[in-house]
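What follows is chain A paired twice: with chain B in the first complex and chain C in the second.
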Partner chain A sequence: MNYDLVVIGGGPAGLAAAISARRKGIKDILIIERDRELGGILNQCIHNGFGLHLFKKELTGPEYAKCFIDEVRELNIDYKLNTFVLDIDDKKELSVINSRDGFFKIQAKAIILAMGCRERPRGAINIPGSRPSGIFTAGTAQRLINMEGYMVGKKAVILGSGDIGLIMARRLTLEGAKVEAVAEIMPYPNGLNRNIVQCLEDFNIPLLLEHTVIEIKGKDRLEGVILAKVDENRSVIRGTEKYIECDTLILSVGLIPENELSKSAGIEIDPLTFGPIVDESLETSIKGIFACGNVLHVHDLVDNVTLEAYKAGEKAAEYIKKTSKERVLKTKKVKLYPGNGIRYVLPQYVNIDDLDNNLKLFFRVNDIYKDIEILIESNGRLIKKIKKNQVFPSQMESITLDKKLLTELDQEEILINVK
Partner chain B sequence: MPEKGKVWFFIFFKGGFFMYDVVIVGAGIIGTFIARELSRYDLKILLLDKENDVSNGTTKANTAIIHAGFDAPYNSKMGYFNVRGNPMFDKICHELDVPFKRVGSLVLAFDEEDLRTLEKLYENGSKSGVTQMEILDGEEAQQIEANISKKVKGALYAKTAGIIGPWELAIALAENAMENGVDLRLNTEVMDVTRLNDGYSIVTNKGNIMSKILINCAGVHADKLNNMVSNNRFKIIPKKGQYFLLDKTVGNLVNKIIFQCPTDRGKGIVVTPTVHGNLIIGPDSEIIEEKEDTATESHRLKFIRQVAEKSVPNIPFDHVITTFAGVRAEPDTGDFIIEEAEDSPGFINVAGIKSPGLSASPAIAEYVVNLVKEIYGSIKEKNFNPFRKRVIRFAKLSDEEKDELIKKDHRYGNIICRCETITEGEIIDAIHRKAGATTVDGVKRRARPGSGRCQGGFCLPRVMELLAREKNKNMEEILKDGLGSYILTGRTK
Partner chain C sequence: MDKIEKTCIICPIGCNLIIEKDPESKDGYRVSGNKCNRGLQYAIEEMNNPTRILTSTVKIRGVSNKMLPVRTDRAIPKDKLFQVMDVLKELEVELPIKAGDLIIENISNTNANLIASKSIA
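Then we have the complex of A and B:
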């Protein structure tokens, strides 16, 4: 089986990437989705608030997904559901299985990785105690409640203030459960401010900052958790422990880009984003393999995922249309580094000569900062400065750099700092 | 003892009484092994356990290794059964299709005292009959195991040590025993035992059972059962040990089982690969009050981490996927108790089976079969199938085999667990075998969905759905593990 473009993942990133490649003239596209339907995690996000930036209106997750699923169908883009990619090699050959076709190989000219992310489980944060039922990651609870129609408990504590955790605090309350508290180990919430207001404050659910769960109690079903306050080093402050009776613990303690397939192909992974290292075209360390959405880095808004995916589709289309001779080695490669106060920066590389126009770079800070300057430097020389009133780790920031400015650089690295 | 047969030949169910030749209490590795070995003979056997699945005590939470046998004193039962048991694993694991690898072990020495300990271990092992041991210098040790500490001065290398899936073995033994006629009853707890003229009446929460022979494999609760029957009392001291389990991506950090020298301060911490390619680190040892306290504690885990780093300095603890604890049955006698109680004919204790109990289990089972034979005088062999239907492990098949299998049974083309690449076909097989899975954790122990890095985040709803469909139950009835471990509390509004 041969395709010009194979998109792995039929969630928001994969759908938008396929649509954009088709618009750029690529006919032969296949989307591979492991679940039963297109749309990905959006299908279980039945709350609204999607599309505010892109469509200027508030949609639910399934509504937002439907816009793209409809377009994929109108554009006659092929897709396979319940189909699983076992691995990819560095020659862009995919090993795939499903119930109907068995095991088969697909040779692609280009691949777009759009596999999304997974949730960090209890083990990843090492909460000690017993191992009863009643402990769910927020996304799993969301799937059980919103898609399967089952309740997961009656009295809950939520650990972590990621957006899905906040959304689930409201959802559980609306379904008649009592949410005792949302505990966040950091001194600031991890989710969007609008979710703090709409999901916690409106329902009088306490948000306990600098608090964490230090023990899990219960033999068969969860019986309670011990919460404690932590100091600035995130160490538990003795004497602040308190027992909260609950039958459910929801974990919203972070998302990790799911890159097992990327690794099977030998794609280089950034230890800061847990996603592939990409250049300004969202191309990974293997030519012709692109990445977008939460597999690349975890986004706060699906609107940004869509925009990123459009670009990946466009760039993959350009790659496919070029002959191998035209796919010349890119020149003047500049590396972007996160400096003081910056958690990560994307893309990690820029090929200056290949830039269409200006470079929009994305980054996250590692703490809350007020009245700061973001400094872009190269070899100690300041090339751009931007003032910000306040920045949060939970909010992705962006800066646009002129192509001209970049062309004039004499050093092959750029450092981004918070001052 | 009258000859077997006549009264015992038929089983009657009358007024809640069941009658057996042999009742084995406890379906851990010891109970299941004895049940399987006894199922070669013409006996009516019942295996019972108070838990909701076999292998649900110590068997499911230990270091998962088969010791060479140099550690336990040569003149102890532990030493004897360990050394005798070790070579028996190849055959049993082949017959039952259980993962087992003889990867070898190293005991690391860091100073002069440790080096003397190595000599002592070597000597003790030689006296016990351990073969293929070698004392290496520090450089040689690092050559065969690159990531151990540069401070290692020497090591005892034992080639016969291995890694195994302990609960998989117990589950396979239970299945094979049932295929050969053994009855299994779960959620059945012994409340009292009365000695009859010729056997025992066992009172359980599920009615009374009569049996000629009663075998005590009750693990940490073996003292309680013994003391219901015999006046020769002993005590089981529960000792908890805690562990880290790390992701497969770092499973090859070491290739062998890495021990430390036992000192007055403890037996040291083990770092070892597992048969599934993960890395396991632990255990510590702590006497506990509650026999089923398997809670992990942060200060204990921190200690394990520090001690482990002495052997392997660069363990990537950011790749931990879970932590767990197991409780070992430490007998106050200091050695395995494997004998017919003097004052209670037909009551056999197989108790205090602490480490190296798993390694000793095949030899213990063989010995107990002989005890049963002695009690009966003789027992007739019957048709016995030593083999278990092969387990399909989809991820391990070649491309062609995968294709062929899916075309034969399309359920093998449906991936349920993404992290471990486990198919619907494998899960359904785990549910429908004898001693099959009835719970989410039961499925996990047999087919491994949820054992990977996401720990069931994606596959939990799908596994529950398959259990509900195959067992003809409602989703709300599906349990995580024990009877009280419900997952869902009802429908949404």
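Then we have the complex of A and C:
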């Protein structure tokens, strides 16, 4: 089986990437989705608040997904559901499996990685204690309740204040469960302010900052957890332990891009984002393989995923239309580095000569900073400076650099700092 | 109550609103800290009649492992959220259903309609 473009993942990133490649003239496209329907994680995000930037209105997850699923159908883009990609090789051949066609291979001219991300489970944060049932990641609980119709418990504690954890605090409460507390190990909440208000304060759910779960009690079913306060080094303060009876523990302790397939193809991964290293075209270290959405880096807003995916689709289309001779070796490669106070920066590389227009770069800070300047430097020379009143690690920031400014650079690296 | 602070929930910016009682002004309150006009409206509504859009799910007749996501088509009074949830608990819809289909008109006398937020064939 041959396709010009194979998109792996039928969530918001995959859908938008396929649509944009089709709009740029690529006819032969296949989307591969492992779930029973298109839409990805949006199907379980039944709350509203999606699309404020792109559509200027507040949609629920399924409504946001529908805009793109409808367009994929109108454009007659092929897709396979309940289908799993086992492996990609560096020649862009995919090993694929499903229960209807069995095992088969697909040769693609270009591939877009849009596999999204996965939740960090209990094992990733090493909570001691027994191993009863009743411990869920927030997304798993969300899928069970919102899509499959199973209630997960009656009395819950939520560990971690990421947006999914906050949304689940409200959801569990509306469905009749008692949420005893949301515990956050950091001194500040990880989710959006609006979610603190409309998910916790609206329902009088306490948010315990600088608190964590230090023990899990229960044999078959969870019976309770021990919470304790932590100091500035995140070490437990003895004497602050307190037992909370509960039958459910929801973990909302971070997301990790899902890159097993990228690794199987030999794509270079950035240890800071846990996603592929890409250039300004969102092209990975293997020519013709592009990445977008949460598989590349974890986004706060789906609108940004869509915009990034449009670009990946466009760039993949350009790649496919070029002959191998035209795919000239890119020149003047500049590396972008995260400096002081910056957790990561994306893209990691920029090929100055290939820039269509200005470069928009994305980054996250590693702590809360007030009244700061973001300095963009190259070999000690300041090339751009931006003032920010306040920045949070939970909010992705962006800066646009002029193409002209970049062309004039004589150095091959750019450093981004917080001052 | 002279002065209270609230976080605006209209958009992801989350402005810190400062609301002061002001008998002189039309709405009875003076609001600062908002970056847009919708923040002003939100602050006044929060003081007089706080409302929220409710999203939830309802059962589908004859289908065991799939729920229909639903929403109110406008914000409803905050103190009626649980009353509406009680109605949803008893509800079962029939397929096929299209996103936007009306499920219950003027649910619990809130002036809002309950609508489907997903198409399921």
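One rule holds for everything that comes next: the second predicted complex is superposed on the first by the 419 of 419 C-alpha atoms of A that agree within 3 Å, B and C clash if a C-alpha of one lies under 4 Å from a C-alpha of the other, contacts with A are read in each partner's own complex, and residues count from 1 in each chain.
Note that a residue touches a chain if its C-beta (ideal position, glycine included) is under 8 Å from a C-beta of that chain, and two chains touch if they have at least 3 such contacts.
The shown structure was predicted, so the numbers you read here are calculated from the model rather than taken from an experiment.
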Considering only the touch criterion stated at the top, classify A:Ser130 as touching first (chain B), second (chain C), both, or neither. first
Per the contact definition in the header, classify A:Ile376: touching chain B only (first), chain C only (second), both, or neither. neither
I'd like to know which partner A:Leu5 touches here: chain B for first, chain C for second, both or neither. neither
In the three-chain superposition, say which chain, chain B or chain C, touches more residues of chain A. B
I'd like to know which partner A:Val197 touches here: chain B for first, chain C for second, both or neither. second
Partner chain in contact with A:Val295 - chain B first, chain C second, else both or neither: neither
What is the contact status of A:Leu86 with respect to chain B (first) and chain C (second): first, second, both, or neither? first
Between chain B and chain C, whom does A:Gly149 touch in the aligned arrangement: first, second, both, or neither? both
When the two structures are overlaid on chain A, which partner does A:Glu119 contact: first (chain B), second (chain C), both, or neither? first
Using the superposition on chain A described above, determine whether A:Ile19 touches chain B (first), chain C (second), both, or neither. neither
Residues of chain A that sit at the chain B interface in one complex and at the chain C interface in the other, please. 145, 147-149, 174-176
How about chain A: which of its residues touch chain C in the complex? 43, 46-49, 52, 58, 60-63, 66, 145-149, 174-176, 192-194, 196-198, 202, 300-301
Give every residue of chain C touching chain A within the complex, in rising order. 6-12, 14, 52-57, 59, 64-67, 69, 71, 78, 81-82, 85, 99, 117-119
Which positions of chain B touch chain A when the two form their complex? 245, 292, 294-298, 301, 320-324, 399-400, 402-404, 406-407, 410-411, 413-415, 418-419, 421, 453-458, 460-461, 465, 475-476, 479-493
Within their complex, state which residues of chain A touch chain B. 34, 82, 84, 86, 95, 97-104, 118-119, 121-124, 126, 128-134, 136-137, 139-140, 143-145, 147-154, 174-176, 214-217, 219-221, 247, 260
